[in-house]
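Paired with chain B in one complex and with chain C in the other, chain A is shared by the two complexes that follow.
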Partner chain A sequence: MENNSSEVLLMKGNEAIAHAAIRCGCDGYFGYPITPQSEILETLAVEKPWETTGMVVLQAESEVASINMIYGGGGCGKRVMTSSSSPGVALMQEGIAYMAGAEIPGLIVNVQRGGPGLGTIQPSQGDYFQATRGGGNGDYYVLVLAPASVQEMADFVDLSFELSFKYRIPAMILSDGVIGQVMEKVVLPPFKPRRTEEEILRECPWASTGRKGGRPVNVITSLELKPEAMEKHNLHLQEKYQLIREREVRYEETLTDDADYLIVAFGSAARIAQKAISIMRAEGIRVGLLRPITLWPFPTQRISELAGRVKGIMSFEINAGQMVEDVCLAVEGRTPVTHYGKMGGIVPTPDELIQALTEKLKIEK
Partner chain B sequence: MTEEIIISGFGGQGVLSMGKILAYSGLMEGKEVSWMPAYGPEQRGGTANVTVIVSDERISSPIVSTYDTAIILNQPSLEKFESAVKPGGSLIYDGYGISVPPSRTDINIYEINAMDAAAESGNPKSFNMIVLGGLLKVRPIVTLDNVIKALHKTLPERHHHLIPANEAALRMGMDIILKQ
Partner chain C sequence: MENIVSPENLVYQKPTLLNDTDMHYCPGCSHGVVHKLIAEVIEEMGMEEKAIGVSPVGCAVFAYKYIDIDWQEAAHGRAPAIATAIKRLWPDRLVFTYQGDGDLACIGTAETIHALNRGENIAIIFINNAIYGMTGGQMAPTTLMGMKTATCPYGRQADLHGYPLKITELAAQLEGTCYVTRQSVHSVAAIRKAKRAIRQAFENSVNRRGSSLVEIVSTCSSGWKKTPVEANAWMEEHMFDFYHVGDLKTVES
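Entry: the complex of A and B
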């Protein structure tokens, strides 16, 4: 693979994640193969970054081991990541909760497949609740980015690490089998070196980097037996989450200015919605799209603003209706909200979306 | 221009790699492209298909339900995708193993006996390039030059000596495709 950073390449979303990780100074990847994301580990194995940037790539014995390796690496201030698909990410939830409690940064990539349980290997967005509601125990969030293209798969790796270290919060890229498997054009991010030990000492004074110069001991744990201290820690986490809600909401709008109807969709569903919108616009029906890029924090305020201007909103997701709850919370009953989606690894087509939209929002042609 | 193409056949026929070379050829033309495989527990002899979109504009959905062109390489694929070709669109099929040929009258149907031609040429692996040549003849969405460039891009260097044979197969496909 050529290394000219401006060259337009053609690759799968999963491959783009691997190349982007090497290029953004990732220190280590720990993962276990599972369809439909195995190309991430495969690409790293082919590229052998341990011979170039020094990035560690390790196939762990399980997903539980992977996430705890992230806990260890992140606790040392290293940029480390794992990837899996839905049932594998389910196994990681305990470790993610521990990371959230101990304020350890790190990146988890979920290329979703249909569930529940082992489910199917075909695409799904059924892990929205798991990703945005914490998934593990206790009051916590992870920062969730939802890429809708191979380019965003590449771009969100560095962004995830930046935000994850800025707020000391686990970050998740919530993708799915479509965006993981599709090949599209991509321009890979420019190379940036891995951080030196000195840079980590300077930027991560909280990390367990070896006690030098008589600094106090850095203890990284999610355990605190004194309820008063634990409450204080929880209040600190909640303040941090509020700050993230205020600063880090990201979304993209398509043709919302004059829209009579609004689709809210993320990831691959947003791509299908774009096609449906272009077909409906050609028939004179003014439909727009709001695509949340961060699923947590959710673009509640913007959806609330748009709710006052449209006749109806559809949350279009490849699941039974999960994000629709967040849309309803934003809309507060001011305009009709409905959901359309499919489950079990079936991806709705643009035509099916148009039919559902027309029927459920009673659009007259 | 937007061309939405489904290529469907048996696993092992080179369906996915034909789609990949087509997508790369589109990239060489400076067009927008997407390549979306029906991934799964596929195996040699099972079914395999891929959706390739080549467009002058940004591609929205990589998944579509109707196609401008269908390239059909076995009977189950014909049954699945004949009805999904847009009226006025094209269907290209290899007659080998097809017991019930396509019957629609509102689309352009082409037959290419690539399986036989590949066997006769002594290079059965050139099958998918013969089919791709047939596509280029009837739907010139990318140029032959750009397909050759794409082969340089997609084939590992140790296989570059096979590019002339691939070019010959593409030209053969252009010659033998027949409109019904």
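Entry: the complex of A and C
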């Protein structure tokens, strides 16, 4: 575990999350078992980081308790995380809203499965709306990162913590059952020690750590009875969200320079899209891919630029069409936008995507 | 008068951690007394710089405005989960929750029972006034049989509302608890005993001896629609019959 080499390992996305957490100075994990992400807690239990880095690992009584443990841990300045899958993340929405209101950093990993309700245990991207629209009550966003590989599962843990603490905003890794369960090559991130008490007190002067040195009281709360004060706090949050929109948009492009058609896809759908593109390119059809890495903030501006250059855009998602709304908002009607996806835990194949793309965007071969 | 105010004559003073913010509590409410005891105990233990409180949803939601320590304001019922994380991540801190009956024994029952059963090294101060005060006097999980509230206006009946929950008796059965007690603050003697109980619970948190639960049987003169004096008398007459005051569990170290 202390190995900092660039050794290439083979593991599941869920396992990579757990190993990355231990290596990036995470102070605590609090979670509740649910398929298809239970390997995260199981891996941590096997690794026993409390004996090495001092990282706390606790199986909570529910997802409701887990997210409130993240509230408590983040509220006292610690790098803490939880993970769950769709129905469990639905249960966490109250706590996430409280974290957003109280400006508490922390990481929530959602390894999505099919819904609604108890749904299936197979992969889905049906929680896009929930993740990118806040999900709980009130006007807020969480910063959402969508990994498309086991490597990104590992890399996004530290990135999430860094962004989360930088802006005092909850961060979410929105993964799915494919990326969580697939085994791939991964190079684990370099070892980074947990922050010392002095570092936490310096970097998180707002946290409820105890009034060391008799400093003014720190209160972590999202409550304000006076509407004028509540409005002021909301305006502050909105300013922060605007800053994040300006600074933290991340995306990746594949063969967009000469593309006649554009696919927008994230996470495992982007992997399927990459295969479809290589098949179609071999047939002489110029298709490109824009893969949003941050789902919020969304790469609106880049999609707007590309919209002026292509004959049509398909939002390809493993759901009934959710991100397509953000694509439409970016395109503003300047080129046809369509959606293809499947629901209920069914993952489309590259061939099905190619067929849908050809039909819906009327591509002549 | 002024010349007798000298250190050697001092018999009582407001705890320094209790600030001068006007309390929102109603006249006769037990919360103010318990807040004062908590402030006194933290000060006497010298834990001003290491105490972290978790306040509930309910009348005590603003506890953080009155006692000058670090606080976190919890979602309804979730204080024990929040305190669990704080104490595990900062093991040398004094960590306690302050919760009412609706918060602790209704919406937060799971968090309460499991935090106590895990033996989290936290202290839970539990204000039981058998009614929802903040929302205007509705039925609580601890409302007595026959007691009238806004949502059981003809009195609590078993067939309609079920039975009052003695969660403190449940807590005493759990392996993780080291100290479970029921106190009150309606008389000077009771206040002194309650203070000793809070001190014991807080020391248990600091010394990591397991979970402590201190229930304070309390008045809610507004919710009970009584004067403060009547409320105290009503509590002695009715509440103590069902919620027996005294230690339920003390584990010697």
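Criterion: the second predicted complex is superposed on the first by the 362 of 365 C-alpha atoms of A that agree within 3 Å, B and C clash if a C-alpha of one lies under 4 Å from a C-alpha of the other, contacts with A are read in each partner's own complex, and residues count from 1 in each chain.
FYI, a residue touches a chain if its C-beta (ideal position, glycine included) is under 8 Å from a C-beta of that chain, and two chains touch if they have at least 3 such contacts.
Keep in mind that this is a model prediction, so the values were computed, not measured.
Asker: Clash or fit: how do chain B and chain C relate after the overlay on chain A?
Answerer: Result for chain B and chain C: fit.
Asker: Touch check for A:Lys275: first (chain B), second (chain C), both, or neither?
Answerer: The first partner, chain B, only.
Asker: Quick one: classify A:Ala102 as touching chain B (first), chain C (second), both or neither.
Answerer: second
Asker: Have a look at where A:Tyr71 lands relative to chain B and chain C in the superposition and call it first, second, both or neither.
Answerer: The second partner, chain C, only.
Asker: For the combined three-chain view, what is the angle at the C-alpha centre of chain A formed with the C-alpha centres of chain B and chain C, to the nearest 10°?
Answerer: Reported to the nearest 10, the angle reads 120 degrees.
Asker: Considering only touches as defined above, state whether A:Cys26 meets chain B (first), chain C (second), both or neither.
Answerer: It touches nothing on chain B or chain C.
Asker: Chain B or chain C: which reaches more residues on chain A?
Answerer: Result: the larger residue contact count on chain A belongs to C.
Asker: Counting only touches as set out at the top, which of chain B and chain C does A:Ala356 meet: first, second, both, neither?
Answerer: In the superposition, A:Ala356 contacts neither chain B nor chain C.
Asker: Looking at the overlay, what does A:Thr209 touch: chain B (first), chain C (second), both, or neither?
Answerer: second
Asker: Should A:Gly177 be classified as contacting the first partner (chain B), the second (chain C), both, or neither?
Answerer: Only chain B is touched by A:Gly177; chain C is not.
Asker: Given the touch rule stated above, what does A:Met92 touch, chain B (first), chain C (second), both, or neither?
Answerer: neither
Asker: For the overlay built on chain A, what is the smallest gap between any CA atom of chain B and any CA atom of chain C, in Å?
Answerer: 28
Asker: Touching chain B and also chain C: which chain A residues?
Answerer: The answer is that chain A has no such residue.
Asker: List the residues on chain B that touch chain A in their complex, please.
Answerer: 20, 23-24, 27, 32-37, 39-41, 59-66
Asker: Once bound in the complex, which stretches of chain C touch chain A?
Answerer: Going by the criterion above, the answer is residues 48-52, 54, 61, 64, 68-75, 78, 81-86, 88-90, 93, 110-111, 114.
Asker: What residues of chain A sit close enough to touch chain C in their complex?
Answerer: Chain A residues touching chain C: 27-28, 30, 56, 58, 60-62, 64-66, 68-73, 75-76, 78, 80, 94-95, 98, 102, 208-214, 217-223.
Asker: Taking the complex as given, what residues does chain A use to touch chain B?
Answerer: Within the complex, chain A contacts chain B at residues 8, 10, 35-36, 121-122, 177-178, 181-185, 268, 271-272, 274-276, 278, 347, 349-352.
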